[in-house]
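Note that subunit A is present in both complexes that follow, paired respectively with subunit B and with subunit C.
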Partner chain A sequence: MSASLPDTPSMPQRLQLSLAPDWDTIKATWDPCQTYLAEQGLDPDTAYALGMVAQELLENGVKYGGFSPGRDRILLAIDALCDPLLIEVRTPLGEEAGRLEELDAMVQWIRGYQSPFEAFVERLKQISTRPQVSTQSGLGLVRVAYEGQCLLDFYVDEKDVLAMSAVHPNPSAQSREG
Partner chain B sequence: MAIREIFTHDTLRIDITETDKEVRLEWRGKSNDRQPERVLAPLMLTSLERCVGADRELVLDFQQMEYMNSSTFTPLVKMLDQAIRQMQRVRLEYSGQRKWQTLSFSALRAFETPDGRVSVHAK
Partner chain C sequence: MKRAGGTMKMLASGDLTIVSDRSQPDLVRLDWRGRSASRHPDDVIDPFLTAALDEARQNLAGLEMHFERMEYLNSATVAVLVHFLHRARLAGVGIRFTYRASIRWQRLSFEALRVFEHLDAMVQVVPVTA
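Our next item is the complex of A and B:
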């Protein structure tokens, strides 16, 4: 894991991590994310929720990614000084057919609910009746919307890199304005 | 006499206590395995089976839990579904002082049964 922060204190700071696409590396990002979010003045509950958002997006980055030599990193960026606050995960897109459609369908499904809470409950109910061994639940993205109170989006750039983002109203910026 | 066991997996620890009245699973630490269902589903189904025929309640206490990834909910809600179908008693307890637990576990109230056999409680 390598990290970078701009070195000028007066400049808006953004956490950027370049990560190997393995589960232990993803899990190890929890503490740096919490430290960064706390340093930006976010309250512990919001920092925790956004740390969860980063974890869930990174887990999806590993699951949806296709890794090969030269395309073997996942990038996490958190900008807690912009409003809305932005969390973005970029991962090389895999060649497995249907994954992007699956992701798109899930994001659209979430947007179809007026309340993320209702979407979360509905997803839990759906999962509860699935066979014991099943494929990806999609619950992580619903949780990003519900517990993280984030709007989800994604796009694929010209280099076939999938960028998944979650945006959240920035309480620090709003208190500054107030 | 209570029977005590400890289940550990990576950063997750579950203290299991079996008495005449209940089988209690106290969850601690973090559950963030890539496929937690592989290890948690057998544990939860076994725990449910330990209550069958003994009129015991299965209690899952999450108050000391620090983090759960979304995949951890899968074996949990599958067990709740099975408990509902098999008319068993399950009680979930979470910390009302932790916002993330309040958000996560209040959603699980959707699995509560009208007769209180399956219930979710903030502590």
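Our next item is the complex of A and C:
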């Protein structure tokens, strides 16, 4: 894991991590994310929820990514000073057919619910009656919307890099305005 | 799986520990601690949970899972829990999850699981305040 906090030491604005696409590396980002979010003045509950969001997006980055020499990193960026607060994960897009359509369908499915709680509960019900537990349950993205209280989006750039983002109203910015 | 004592068994995997306590004849109690964030949690957790479910069914006991000391569950683990909850119901084993309501992420995650309480009396998802 390589990290950069490119701004002045007294006021880091953006956390950026370049990560090997493996599970242990992803898990190890929890502490730096929590440290960064706490330094930006977020309360522990919000920092925890956003740390969960980063973890779930990174897990999806591994699942949806296609890695090869020169295209073997996942990038995590968190900007906790902008409003809304932004968490973005960028991963080289895999060539497996249909994955992007799956992701699009999941994001649209979540947006189809008036409340993320309803979407989360519906997903739990679907999972409960499946014959087997699947790692492709889609629950992580629904959790980003429900527990993380984030809006989800994604796009693919001209270099076939998939960028998944979650935005959250920034409590620090709102308290500054208030 | 480690045997921690006459009535206790323990699963330790990475940052996750689950201790199974059979000291009460009518109850199999599982205490979860730490963090569960593996990519395939069912590979590790499911055999332990299945053994606990079999034990409960054979002894006409209930199953109680305590999550108050959990620090993190990834969505894959939540999926395993939901799936297991359904299996316990089908097996006719009463199951109770307890969580700490004062911890926001636990409250959000487990309140959603209360939807399964409405199916029948086999499932309870209970907040604890202490």
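Note that the second predicted complex is superposed on the first by the 170 of 178 C-alpha atoms of A that agree within 3 Å, B and C clash if a C-alpha of one lies under 4 Å from a C-alpha of the other, contacts with A are read in each partner's own complex, and residues count from 1 in each chain.
By definition in this document, a residue touches a chain if its C-beta (ideal position, glycine included) is under 8 Å from a C-beta of that chain, and two chains touch if they have at least 3 such contacts.
Bear in mind the structure is a predicted one, so any value in this text is a computation, not a measurement.
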* To do: Could you check whether subunit B and subunit C clash or fit when both are placed on subunit A?
  => clash
* A:S128 contacts which: subunit B (first), subunit C (second), both, neither? -> both
* To do: Using the superposition on chain A described above, determine whether A:F154 touches subunit B (first), subunit C (second), both, or neither.
  => neither
* Contacts of A:Y36 with subunit B and subunit C, given as first, second, both or neither -> neither
* Touching partner for A:Y64 - first (subunit B), second (subunit C), both, neither -> neither
* Using the superposition on chain A described above, determine whether A:Y48 touches subunit B (first), subunit C (second), both, or neither. => both
* Asked: Where on subunit A do the contacts with subunit B and the contacts with subunit C coincide?
  -> 23, 27, 30, 45, 48-49, 52, 55-56, 59, 62, 117, 120-121, 124-125, 127-130, 132-134, 137, 139-140, 143, 146-147
* Asked: Which part of subunit A faces subunit B closely enough to touch in the complex?
  -> 23, 27, 30, 45, 48-49, 52, 55-56, 59, 62, 117, 120-121, 124-125, 127-130, 132-134, 137, 139-140, 142-143, 146-147
* Asked: Can you list the residues on subunit B that touch subunit A in the complex?
  -> 11, 30, 32-34, 37, 41, 67, 69-71, 73-74, 77-78, 80-81, 99-100, 103-104, 107-108, 110-111
* Over in the complex, which subunit C residues touch subunit A? Could you list them? => 35, 37-40, 42, 46, 72, 74-76, 78-80, 82-83, 85-86, 104-105, 108-109, 112-113, 115-116
* Asked: Which of the residues in subunit A end up touching subunit C in this complex?
  -> 23, 27, 30, 45, 48-49, 52, 55-56, 59, 62, 117, 120-121, 124-125, 127-130, 132-135, 137, 139-140, 143, 146-147
